[in-house]
Amino acid sequence: MIKVGINGYGTIGKRVADAVSLQDDMEVAGVTKTKPDFEAENAIKKGYRLYSAISERLEVFEEKGLKVEGTLGELLERCDVVVDCSPGGYGAKNKEIYERYGVKAVFQGGEKKNIAPVSFVASCNYEKAVGADFIRVVSCNTTGMSRLIRIVTSLVDIGRVRATVVRRAVDPKDDRKGPINAITPNPVSLPSHHGVDVQSVMPDVDIVTTAVKVPTTLMHLHSMNFDLKGDMREQDLIEVLRNDARMMLIHSEDGFTSTARIIEYAREVRDRGDIWENCVWEDSISVYGGELYLFQAIHQEAIVVPENVDAIRALMGFEDGDASIEKTNRTLGL
Amino acid sequence: MIKVGINGYGTIGKRVADAVSLQDDMEVAGVTKTKPDFEAENAIKKGYRLYSAISERLEVFEEKGLKVEGTLGELLERCDVVVDCSPGGYGAKNKEIYERYGVKAVFQGGEKKNIAPVSFVASCNYEKAVGADFIRVVSCNTTGMSRLIRIVTSLVDIGRVRATVVRRAVDPKDDRKGPINAITPNPVSLPSHHGVDVQSVMPDVDIVTTAVKVPTTLMHLHSMNFDLKGDMREQDLIEVLRNDARMMLIHSEDGFTSTARIIEYAREVRDRGDIWENCVWEDSISVYGGELYLFQAIHQEAIVVPENVDAIRALMGFEDGDASIEKTNRTLGL
Amino acid sequence: MIKVGINGYGTIGKRVADAVSLQDDMEVAGVTKTKPDFEAENAIKKGYRLYSAISERLEVFEEKGLKVEGTLGELLERCDVVVDCSPGGYGAKNKEIYERYGVKAVFQGGEKKNIAPVSFVASCNYEKAVGADFIRVVSCNTTGMSRLIRIVTSLVDIGRVRATVVRRAVDPKDDRKGPINAITPNPVSLPSHHGVDVQSVMPDVDIVTTAVKVPTTLMHLHSMNFDLKGDMREQDLIEVLRNDARMMLIHSEDGFTSTARIIEYAREVRDRGDIWENCVWEDSISVYGGELYLFQAIHQEAIVVPENVDAIRALMGFEDGDASIEKTNRTLGL
Amino acid sequence: MIKVGINGYGTIGKRVADAVSLQDDMEVAGVTKTKPDFEAENAIKKGYRLYSAISERLEVFEEKGLKVEGTLGELLERCDVVVDCSPGGYGAKNKEIYERYGVKAVFQGGEKKNIAPVSFVASCNYEKAVGADFIRVVSCNTTGMSRLIRIVTSLVDIGRVRATVVRRAVDPKDDRKGPINAITPNPVSLPSHHGVDVQSVMPDVDIVTTAVKVPTTLMHLHSMNFDLKGDMREQDLIEVLRNDARMMLIHSEDGFTSTARIIEYAREVRDRGDIWENCVWEDSISVYGGELYLFQAIHQEAIVVPENVDAIRALMGFEDGDASIEKTNRTLGL
């Protein structure tokens, strides 16, 4: 059993913890929190051992009556792997601690590319990550684009990929940040970093991206465009997408008219309303003038969760990427 | 076993269906849908027998490959009770059908008061509904205010109740209606109908309400104010609220700073992120100048679900309201 | 003096009325409204002769104490040209009336292409519209894209143009429609109609567009991409844009970080905060891998106003497009 | 001529500058900005002398090619009065500077009550401010409530006033703060500070307030409630409101269905779409059960502008409050 610590039981951390719990080859050694809020209470209710991410705050948890097992250091002593789910940018500092304790680590896409030798998307480059000490699971947008590009390239050679990323501004739980009524180029200077980040996973892809931020909390949406170097029938792509467990084909005729309707669907069939798949609108898939166009929606809270599970296996030297992906998919119910 | 039909498997209907399924004295005979969208597919996945709410559309379901058992009439022949969860205003026409089939019915708060002899909130007037043929479970806002008023009056005599209802404009799945950037008095002419609707449950309460609609989808918020005719300590109210299973005390220090944070909490611990309780901010409770002030948030998608279950029992002649409430609470996990 | 009637004094109509008033070769003969609301009152305050768009409602205006000169027919008798600013889709029916009265008409982009022999953007095809009986000024998004494409093609030959249109969902005054919290592909099936509509103005342009609707009211945003068949320096494009009165170069360093900030700027320097120009982010302009990328924002309430003025001149046989454009620009203060 | 400096040419500052310019007894000596953004450029376009609020940043303006006259100190040397429109909380530090230069100052409602001996609303307590060295014009919400309370008390004796303040979360130009999809009690603990702040103007008023923040940018909305100690006919209040220049009666039948529609109206008839008046819904005014209920909307960007002009006169010893109010109203076009 791989002992997995979760450093940061927030939006990503709590999802990774639950996904790890479902695996038969790994277990959650403990999770950390910086403050004793309702998320900390939920962690304990779910049976996770709680640790204080910040040593000095141990007593703050006790004052609230929340049982804490110790500090981050004590958790690391009990772990084979730590999944760093701290806020973006904290990973670099944390890495020094992980190294000191000799614990392998999975970082998230909010960290810089050079924090780990491998920027990871399971279906794209699992083999490169096997046995590494550190892996960076790329961001939700990069994961979604990388998965899709790999699938398209399995059918046809492609030239340039262009994507406009329409970003939900904040996660649903964020009640501080906006904007309330604006569209924000993010960034203004083009191209945006998303394309470069895809290349950290698949260096040979020619991709250019632009991104804007809009006042919604539910999902990102990608308007995707591929130069095709050969023939590909729309129906062939639909077939491949239908058979890929990390892809969900949706159709506006079934009521999937917006990101809100996708989330409504997911609330019925998934804990937390999570969607680990790319949601591709089947009726948007269009080969037109030698190019492929389509829309996909990406659930920023959930899509990297299966990649984190696979990354843990890769770190621990499990060599068969397809087997890991299949196992993760099966346990999550994909 | 009480056989319960659900006419309208939408926002309320799907929740009532699941709640009925959890009871040991009732079962879901079937549910109706008007079109074969993803909600219809989810109904079948969950094992509910699906009926076409509109006879003429039977074949539309078949074209989509969704198995339909028959039409509304055929469902009614198999039911003891139907819970009408059709869109507001359709209940009156449906009532004629239910009467023709001799089936008792629970209506929702979107219907006019006179559709049923009893406007119902379980903790307020269960006994009046026992054995009735028709019950109207009042709207989410009215249910939330009625429950709270009953609790306050159990502690102290009250005079006038005043409430400002800050309404979420639409449910999360609605991607058509707004407003996007406005506050709308709703209605402009005062007082609003909410107070009158509370009086349909508790005729002796002196209550005046105002309401505005705001661009959010998650929960309603009530700013409540009670004239107190006697002494009541804040701590006493907190105690009673803590011990009432249909009340949830929340505190901003635990991270409950907004409706968004409440829903984030619920996503962790409840299917669909549902909250059947009034969410009362403990740190808002204030007795000031002979009056009680507090904030409560009401999850419009879920709060009437337990009342619907209790209403079914009342219709069928089950006399012990406290026992029904306790059973409903226990099965839902309140 | 060209006598201009405005049929529909709403979002577009009131702006066209004011712009016509500023011209020395035309005057507003009157404006129509369907109901006596504050917009009707403002029309009278501004000195416009008010007519009832619907004959039967004449007395509704009188009951409100608003002076109405007559009905649409009576206005048409006094006009050389009518600018049809009725809601999208009404134009076709109105056209029969205009023909009956022998009045030339300008329609808006909400009408079908075939309502008029010319789909019009002043800088692109003024000459084709000279002397026509009917002109269709294309929609705000199409106008914005057409103007920009013409400018780029004045510098370099282009191949395919690709655009993702991020649409504000409704105008600021709309307090009914949404969505509140969703991104909506609009339409889902690709490509979207916007590209085809650009081709109604410039048939030889190879353009493919996609569009999504987002919860904001202020401006549309276009993520634009051009295949370049030759060399073009970013600085050259910037120079041309700076010298075109219907283009406004903005820079994020000056505080133009979003559509909200552009509108804040316009509130200071323009009536109604109107922006008749394409707002192109200078720091987004990027030639990359043989392609041009940039962001532009389009003020949907105002951008077609100068085109409407020019269209009136073209209808009346004024032949010099450049002179018309220059005159319109000067009078509006561009 | 009173020489007025504006320290902080932002949302409030730029409006006060324009209002001061319209007076025949005062003039704008100059305005300050902290950075050379488009607001600074607009200030120069409008003919205001621009100063750098922060000495060290003088050259940043020059680099941008914006002509700066000097620093705040140099502006103060040229002023009789400074209107402090710096961000909330900065006023206290600035006060020391103003004292050092011997310049009288008007502060805004974001400052603590004790920054000045008088918390000011012109119609409520002008006389107390005459000849003071420092005045604090209270916040938009407090100004709106105070004006209304004074009017009601001119008709009838009142007991407790209760208000629920539904706050727009941010100003239209703010593209950073939210929330996007939440209702936030603000503050959670009751009563809110707004009532106490009204008492800083009118100490004898018994008022209790609660407040929530909602995702909109346009206006605040107040649900107001007054205990009446005597008779007052709704029509009498309507008459008084109609005759008070700082009140605007609106009616939903004229299209005023929301804050969005009010702003749409103002965009037609006012620079920047500003509304200096309380907007009271005539059809909301209701005397019910011995209490008065009504809705009013408050334009947070503009409502304190006339009070700032009056405050300048009071500071300079102009004794006739009614005359000042009348002059301010007339020049602004109220």
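Residue numbering begins at 1 within each chain, and the chains themselves are lettered A, B, C and D in the order written.
Assume contacts are C-beta pairs under 8 Å (C-beta built on N, C-alpha and C of every residue); 3 or more make two chains touch, one makes a residue touch a chain.
Computed from a prediction, not measured in an experiment: that's the story for all the values here.
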item	value
Label of the chain whose CA centroid is most distant from the centroid of chain C	B
Interface with more contacting C-beta pairs, comparing A-B to B-D	B-D
Distance from chain C to chain B - Cα centre to Cα centre, in angstrom	46
Centre distance in Å when chain B and chain D are each reduced to the mean of their C-alpha atoms	42
Chain A and chain B, separation of their C-alpha mean positions in angstrom	36
Chain A residues counted as touching two or more neighbouring chains	172, 174-175, 179-182, 184, 215-217, 257-258, 260-261
Contact footprint of chain D on chain A as seen in their complex	169-170, 172, 174-182, 184, 215-217
Chain B partner contacts - residues on chain D that touch it in the complex	160, 162, 164, 166, 168, 179, 181-185, 188-191, 206, 208, 210, 212, 214-219, 221, 223, 225, 252, 257-261, 281, 283-286, 288-289, 291, 293-295, 297
Residue ranges of chain D touching chain C (in the complex, touch as defined)	14, 36-39, 41-42, 45-46, 172-175, 180-181, 217, 254-258, 260-261, 263-265, 267-269, 272-273
